[in-house]
Structure formats: structure tokens, C-alpha cells
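Handing you a structure now.
Naming follows writing order (A, B, C and D), and every chain is counted from residue 1.
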Amino acid sequence: MHRDRYYTLTASCPDRTGIIARVTGFFAEHRGWILESSFHADDEVGQYFMRIEVKADSLPFALTELRQRFQPVADELRMDWQITDSAVKKRVVMLVSKQEHCLYDLLARWQSKELDIEIPCVISNHDTFKGFVEWHGIPFHQVPVTPDNKPAAYAEVRRLIDAARADTIVLARYMQILPSELCDVYPRRILNIHHSFLPSFAGAKPYHQAYQRGVKLIGATCHYVTTELDQGPIIEQDVIRIDHSDSPDDMIRYGKDIEKTVLARGLRYHLEDRVLVHGNKTIVFR
Amino acid sequence: MHRDRYYTLTASCPDRTGIIARVTGFFAEHRGWILESSFHADDEVGQYFMRIEVKADSLPFALTELRQRFQPVADELRMDWQITDSAVKKRVVMLVSKQEHCLYDLLARWQSKELDIEIPCVISNHDTFKGFVEWHGIPFHQVPVTPDNKPAAYAEVRRLIDAARADTIVLARYMQILPSELCDVYPRRILNIHHSFLPSFAGAKPYHQAYQRGVKLIGATCHYVTTELDQGPIIEQDVIRIDHSDSPDDMIRYGKDIEKTVLARGLRYHLEDRVLVHGNKTIVFR
Amino acid sequence: MHRDRYYTLTASCPDRTGIIARVTGFFAEHRGWILESSFHADDEVGQYFMRIEVKADSLPFALTELRQRFQPVADELRMDWQITDSAVKKRVVMLVSKQEHCLYDLLARWQSKELDIEIPCVISNHDTFKGFVEWHGIPFHQVPVTPDNKPAAYAEVRRLIDAARADTIVLARYMQILPSELCDVYPRRILNIHHSFLPSFAGAKPYHQAYQRGVKLIGATCHYVTTELDQGPIIEQDVIRIDHSDSPDDMIRYGKDIEKTVLARGLRYHLEDRVLVHGNKTIVFR
Amino acid sequence: MHRDRYYTLTASCPDRTGIIARVTGFFAEHRGWILESSFHADDEVGQYFMRIEVKADSLPFALTELRQRFQPVADELRMDWQITDSAVKKRVVMLVSKQEHCLYDLLARWQSKELDIEIPCVISNHDTFKGFVEWHGIPFHQVPVTPDNKPAAYAEVRRLIDAARADTIVLARYMQILPSELCDVYPRRILNIHHSFLPSFAGAKPYHQAYQRGVKLIGATCHYVTTELDQGPIIEQDVIRIDHSDSPDDMIRYGKDIEKTVLARGLRYHLEDRVLVHGNKTIVFR
């Protein structure tokens, strides 16, 4: 995390010799000051991944020109790439239900600027946190979801997300399964927190599943949402120890602490452009 | 955690044969249903410790009579003991400063009744969280502390704590050192969260100390406050991995996640009468 | 872990009032010195579980008489129970293959008496560790297993286990699936270490499965062997963090450290009679 | 960990623009295939650190010529640098005492080629593991150390280390404090495992210190030995949870599992040239 403004290049390309030299040579030529750089070769698929932070004011031109000048390098290396600007705050829409832990946690981080983002709105199927969210000066939209109104409800959710010009959508224990159409509209932009150590206990009531199986650790998984439930690329996971004396209710309580921490970490990686996706797996340049 | 009302006996006494039999025999005689029981012998000091939860409505008498009837057993075993009632909510006063993470975390747990307590007031030397606390319907008292007004300021803090009839005082990153007099008034009732893995890095700026020493894990410690700074009995600790790329600011950010979790766990153990103190050490019956 | 000789009672019975009082009352009556005691009520199934260590020389009679005198108490409470003697070393047969880590680890613990057991023999389908095991003064039996000779091979394995009068059989990365008949002969006496965090990645090549799924932690599970592959009651689990740069070979290497530690912990709990099984779950009184 | 032969460049130099471009440009020019690369800028001290693995047979010249050709680049950047060859096994001398866990653990890793090193000899002040070490085909030297013979004993230890042409010396729970002269002779080449989470509990009997302080986690630290006892640069650390029921003996037992794992990880980082030292801190490129 840097205080000064910086640009972040993330890119992947077919592996070959000279990739780092070509890309960092481009920046060196313009006296760009590299703050942080990470590289990864996936030998199995022959693909190369990178993330480079460059100090904005070390370059003699602005972002638009940087992108134009970098284009030939990217073409030469057949790159899938993007450059983001730390001065442009990401816009994050949160979807919540009646559970407080992830919402309080994320708003605390936002309030203290640990998460330096815009939250254009919070959407919920319940009004439980309307007052709390609005007290923070954030618009709150209740969109009730019932077995009968799903198409209309999710059309409204989509309309709100689009109106908010959201870069990222966070399911902060939303407790509803998004329809496939919605998942497809925002690929790699919807983050979910699942309350188990996936792939164990996908689907409903994972803590009860964990209790029945008698596992000795429970976990949480932050992943990108895809059309296959709980099957998207995993960004972050963690676990906590339990024992035979813990009931499903105890697990739910312990689990909350893991869920909010794992979601916050995964979201931070995502917002700082530290997560690259290849197939169903992530490269996370921490 | 049980839904039904229960009484909790915590006790310590010199070790001998027959202690468990005597105490559980007393409850069995009255058909008391034991929900949970924990025992520990400290061989080094020859002291015995126990914690027993009994279902309130399994006993044929109320709490006052229970205490009267138990007194002879306690006398016989030369016990230091208490019995608490799950129906009587503990009263917890929080002292905060300008850091949000522990306060948001504890109020989230209180809001959802995960922490089933009364919060008669929050006290702070700053007004940063006045609105936030009051929005939750909790009185907020600002008591500024300056190098010049300490005696008066802490007299006021004490007055507020006493007026609140607080069972427990939580220093939720209060950032001020309580005067000895105040520590002595509430023995084993003031909990602090220190942002290091004690005994490493006691005192000021522990993350900067950790950075200078180059440790590979940082931690947090929840402990009872005594007159010796950061030397009180430790209730709970945890750590998180860092590496050479993490600045003191990164550590502060990572540390917050550990601090709030460790404080919440330590506070829960305390509130559920799971913490017994002997000398400068705790027995924690989780 | 106590230095003095002690007896360990483990028992389960239908839950009711007065169980602890009845059992500890029995010991108190004979001035038995209880070193450690643990109790657990499983509310869901209405079953009560306990483990009590009593100093052997505090009782005025020997183990045989203790068992006789305790029988009426057990009958009254409809207990499933046993009492073991710390002076009688457990007899543990190990089955290994070509992987060294669990074998070296367990023999190191045995050599230093951390594991105070008899190892009547080690059985393997390969001769890789013949010299190593025999150097420790432990008989080594090679029983090659091929697709064609399985019935004969496992008959021989059974003969060796029976000849060794083994209390416990440890599959220390044996890499072969025991036939159902053999599993049934030694219920709750065969421990396996599976190289994943079960129930994720049961079956073959779990690290390759983990690599394909892109999980961020890998684990190991110590469990009792039942006729259903990798489905037996879980005794102990742990995990370790990995990231995108770790190949399946790296995971195998990291995993070894978890596997041997989890197996050693699970085995210790088993040998100290700390593991009670109910249905497909364990109570582990650590 | 790569199967193919590779060269590893580790370097540090004053920070400026164009460092990565200059170094990777050099390799690109000769069509060197970079397998892995890591970079770190320490803003506080203005120093830059890097580690690059290059496939040996991708370069058109051998190691000697590589070093000659790289020299001008290094001079230009004012680098402190070295290039090692994965085909040249490091020579590791181990010093042990009467504790088995680290020795068994390291020899198991060596036996399976997880640690692909030469062990020219093991040195001990006791003969406890003479047979065990020699059974592995490794020379064993007993050098008893008494209060009276220290200068002579450590002169002999030094003679044996030098005769072994050791790159690295591992104090695998050696339990003796090396004299300053010896520490100075092998800077950043002697690794120790200390049985506490440093800086807590430096010096003697750390588990007893931890027991007295009542900490809730115990740890181990792998560090380079310097003339100041337990103050050298920390390479790796880890912790394990304990509770009030654990005696110092239990802690010693739990601690062994952490000690051997932390030592093995730290040693691996060191042997793979992943550890750079600056001042009293390490950069560990995992």
C-alpha cells in the first residue's frame, strides 16, 4: 500500500524469454519508478503473469498516453493487460441480508479509509441495516426477493448495480443465489464469501454439514461468483480450530470471525488488482 | 453457549481428593442438571480450579438459596467461589480513542446479540465515534485527557464507570495508560487489547518495534490490566504471518484483524466466567 | 502426561443427572486421586462421555479389583466403559510403504520415549526401510502386495498383526487400501493419515486434486479406518498455507510436514485413551 | 524447486530506476530463460534486493563466463551479488546434542532427497546419535565440551567444519553457546533453532519462561547466529497453541514439532539462496 499515486499494470501472456526485460525496459526508458513487481510462470499451461506498480509522477506522461505507448509492447508479447490508476477509487456495491458481521467489518474499514473505495449503495432483501447504512451516508436499497418475484427482483438489482457504475459487487453474506444471467454480466467482478473451506461443504448450511462430518477445523472461502454455485475461482481461504464441544451454533459464531476476515482480505487483493484469473484458478500477488 | 437460563459456579480451592465428588454430589442431591463442567489441577501450586454450568430450572430453589446451601460445601473445601446467573446481563463499559476496528467489531456482536450484554456507556478522549455510538442508542461520554488534566480526567472516568455500575471495563484500543489507582479499583475487571504478542514488544509502538526486529509473525494479546503496564494475566493471544515486504503501516492494518478477534474472544471468555486467575496466570475453561 | 502410574477410565452412557457425582463419588470413597477429568454431553443424541485419570497408588486395590468394584456403578449408569493402565505399554504395529516422513517421525518419538509404546514390528510392501527399522531393533516384515496376490498378502498382514498382539495399527502412509474384512477385524484400532483436509479430496492424488481446484490451504487428516474409504471418524486435522507458485510437488513436500504432525498428534490422543467414538464422530479430550 | 539445472542470482544494490530492466535485459540478450524472479525495495534504507533463477542450459555459456559477463552490470548498479549453481550441492555440517527431533527430521529429508545436500559430518558433544548417524553413512565426531576445555573443544569443532569444507552449519538443538570467535568466522552461514518466539524468552529454558508468563501460544525461531546470543537475523518463525493444562514438559513436547518444522523451512530457504540479509533483518524470497 503506497501513499503516492501509482499505476498498476496487470498482464498475462504466453511464456517466452525476455518478457520481464521487455516490459521493465519500457518503463526504464521513461524513467518510471517501479514500486512493486511480481511475476509468475505457470509451467503447466505455458502462461506468464505479472503485476507492476509504477509511481505516477515518475513518468513524463499521463495515463492515457501511457496506455497508448504501452500498446505496442503488449501487442508484441500478445498480452491480455490493463493499467489502473490508484487515484481513481473503485466503486463497490455491497449486497447483504440480515447478518451483520461482514457489513460492519467492511464499513469500519471504509470509515477509516483502510478500504479507500466509493460505496455507491448497499442492496438488501431486508431492511435490517437500512438505518445503519444510511447513518454512514450511503444509499440503501431494499429489494425483497421471494420465490415468486425473482426475475423482477434481480432485474432491479441489476439496474441498481448499473446505475451505481459498480466496478465490483460484494456478496457480504447475501444468502441468496444470484441467477446465472446476473453472474454472466459481471465476470470476475462479483465476490462471494462462502462459509466453508471449499470444496468441502458447498451449498446450504455448511456448518451443519461440518458438524455432521465431525471435522476439527472449519473455514471460509472468498471466491469469484460464476454460474456454477460455489465453484468459482478461489481468492482467499482460512480456517479456525473447533472441537467436539462446539455445536453448529458455536461454529456459526466462530465462523463469522473467519468469514469477515477472509472476505476483507480477498476484497483488498481484488481492489488492488492483485488477483489474476486463469481458467478456474487465481494468481494472487500479495 | 446455551439458550436456557443457567447458573455458573467458578471456584478454586486447595487440591485434595474428593473435590469433584463433593461439589457435583451437592448438585446431584438436588437433581441439578450439569450442562458443562471443567476441572483443572495446578500441581505446581497445589490448587484446584473448576467451572460448572447448571440448568437454572433443574434446581428446586432460586439463586439466593443456592448460594446459601452451597456455602457449607465451599467452606468445607476452603473455596474461593462465585455463582453467576445467565439471566443477569453483564454491564460492560468501553473506553475507546480514534481507532474504529475494535469498537465496530464489539458493537456488531452486541447488535446481533452474539454478545448478550448491557453497554451502559462508551467513554472516549475524542469525539470521533460520538455519532456512531449514539446511533446505536448507547450514551457516549467524551473525557479529554491531556498531560495537565490527568487526575481530574480519570476521576471523571471513574465516576462514569461507577455510575454505570459496570461489571467489566474494556479498553478497546483506548491508547491511554490508566493510572495505578484506577487499575487497583477494578481488579480482574479491566480488559485491555495490546497490539503485540506479549511479552514481546510491550509499551509503545509495538508494530514499529516488530518491524525493527524483523519478526515473521505479529500478534495481539488480551489481558487483565494491572498496575504494571502490559504485565497483567494473559487471557488470549493470536498471531498472523507477515513478511519483509510489509511496512509498519501494513502491520498495523494486519494487526487490527488480530486485535479485534483476540479482544472479542478474551471478552467472551471473561463474560462467560471462563477465566480464573491465579497469581499472574489465567485458567481459561473454553 | 504424568510420570506416575495412573488408570484411565473412559466411558459413555445415556445422559441424566448425577453421572459425574456417581462416578467421582466412587473414586472419592476409595480416596482415589483424580489427576485429570473431562466430561462432555452431546445434547443432540442425549449421550454423556467422560475420561478420568486416577493415580494408581492412591487406590487401596489393584486394577482387577478396581474393575470389579466399578462394575455396579457402570451397570447403574448403563455405561460403555474401559479402564486402562499407564504401566501397560500399548503395542503398535506400523504399516509403511516407500515414504519416509511419518516413519522417521514416529521412530524419533519412540526412540526418545515421547511415544512410550512397544512396536512389535513394522510391515511394508517394499523393503525400502528394512535396514532403518531393524537398526532400531524392531522386526521388519516385507509383504509385497500385487494386483494378483491381495487375499494372500492381507491374510499374511493379518497373521503378523495378530502374532504381534497389536492394540493399534498405524497406516503411516501405507499407500494401499486395506480390504474391508481387515478393517472390520480391528474396529477403531486402525489409524490412517490421509493427505488432504477431508472431506475435500478423498481418494487418490489429493494434492493434484487440490492443485486443480486452486485452494489456498492444504491439509491432512488422521482418522480411524472403516470399510468406507476415507470416511471414518476424524481424530485430528491441520492445514498449511500455499499459493499459486506451488506446484503439486511443492504441495507434496509441504504436506509431509502436516501429515506427520497430524498423525503423531492423533496417535497420541488415541494411545492416551483421549478419543471416544460415537457414530461417525469423535470426542477428543485433549 | 525445479528439476532442471539452474543458476540463482541474488543481489542487493542502492535503489534507482531501471534495475530490473538492466538485469533482466542482460539475461534476455543471451536468451536466458528466467524460471523465477523476486524483487523487493526497502524504502526505509533505499536498498533494492532481488533473486532470479535462470535455466542453465538456456544460456550459451557456462557459469564462469556468466559471472564474467555479468560483472559489468553488477558494477554499474553497485551490486553486492552472487550466482550459485543448483548442480553444486551445498555442504551442511550439523551440530547436535542429545535431542533427537531435529536430527531425525533433517536426516529423513536428506534420505528422501527432499534436502539435496551433502552432509560431510555430524558433530556432537555426546555420543547419543553416533550409531544412528553412522548407519546413514555419515561420519560422526564427538567433541565433548566441558567448562574447562572450551577453547580446545571449539578449536576442534572449527577444524572439523573447515576440513568438511562446510557452506552451512546447522545447530540442530546443539544446546551449547558458540564462542564469539566461531560465530564471526562463519557470518550468515550458521543457522540456529531457538525454542521460543523471539524476541520473547531469549536465553535459557524458554518453555519454563513461557510457562511462568502464562502465554497462550509458544513458538520457535530459526535465525542466523551472531555474537549476540539469540539476537541474529530471523529467517523463519512459527507458533502453536497451548493452554493452562500444559506443563513445561508438555510445552517441550509440543515445541519439538514447531522447532523441527521451522528449522527445516529456514534451512531450505537458506540453501535455495532465498534469504538476503540487510542489517539485522532478512528478506526471504519464498
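Here is the rule we go by: a contact is a pair of C-beta atoms (placed from the backbone, for glycine too) under 8 Å apart; a residue touches a chain by one contact, two chains touch by 3 or more.
A quick note: this is a predicted structure, and the numbers were derived from the prediction, not measured.
Engineer: Any chance you could check whether B-C or B-D wins on number of contacting C-beta pairs?
Structural biologist: More contacting C-beta pairs are found at B-D.
Engineer: From the C-alpha centres, identify the chain that is farthest from chain B.
Structural biologist: D
Engineer: Check the residue numbers that chain C and chain D use where they touch, and answer same if over half are used by both copies, otherwise different.
Structural biologist: Because over half of the interface numbers appear in both copies, chain D and chain C meet with the same residues.
Engineer: Would you kindly tell me how far, in whole Å, the mean C-alpha position of chain C lies from that of chain B?
Structural biologist: Distance between chain centres, rounded to whole Å: 37 Å.
Engineer: Need the CA-centroid distance for the pair chain B / chain D, whole Å please.
Structural biologist: From the centre of chain B to the centre of chain D is 41 Å.
Engineer: On chain B, where are the residues touching two or more other chains?
Structural biologist: 36, 245, 247
Engineer: If we count contacts the way the header does, which residues on chain C are in touch with chain B in the complex?
Structural biologist: Touching chain B: residues 17-18, 20-22, 24-25, 27-29, 31-37, 39, 41, 58, 241 of chain C.
Engineer: Under the touch definition given earlier, write down the residues of chain C that touch chain A in their complex.
Structural biologist: Going by the criterion above, the answer is residues 40, 42-43, 197-201, 213-217, 219, 233-239, 243-245, 247, 280-284, 286.
Engineer: For the complex, give me every residue of chain A touching chain B.
Structural biologist: 1, 36, 99-101, 104-105, 107-108, 111-112, 114, 131-132, 135, 245, 247, 249-250, 253, 256-257, 261, 264
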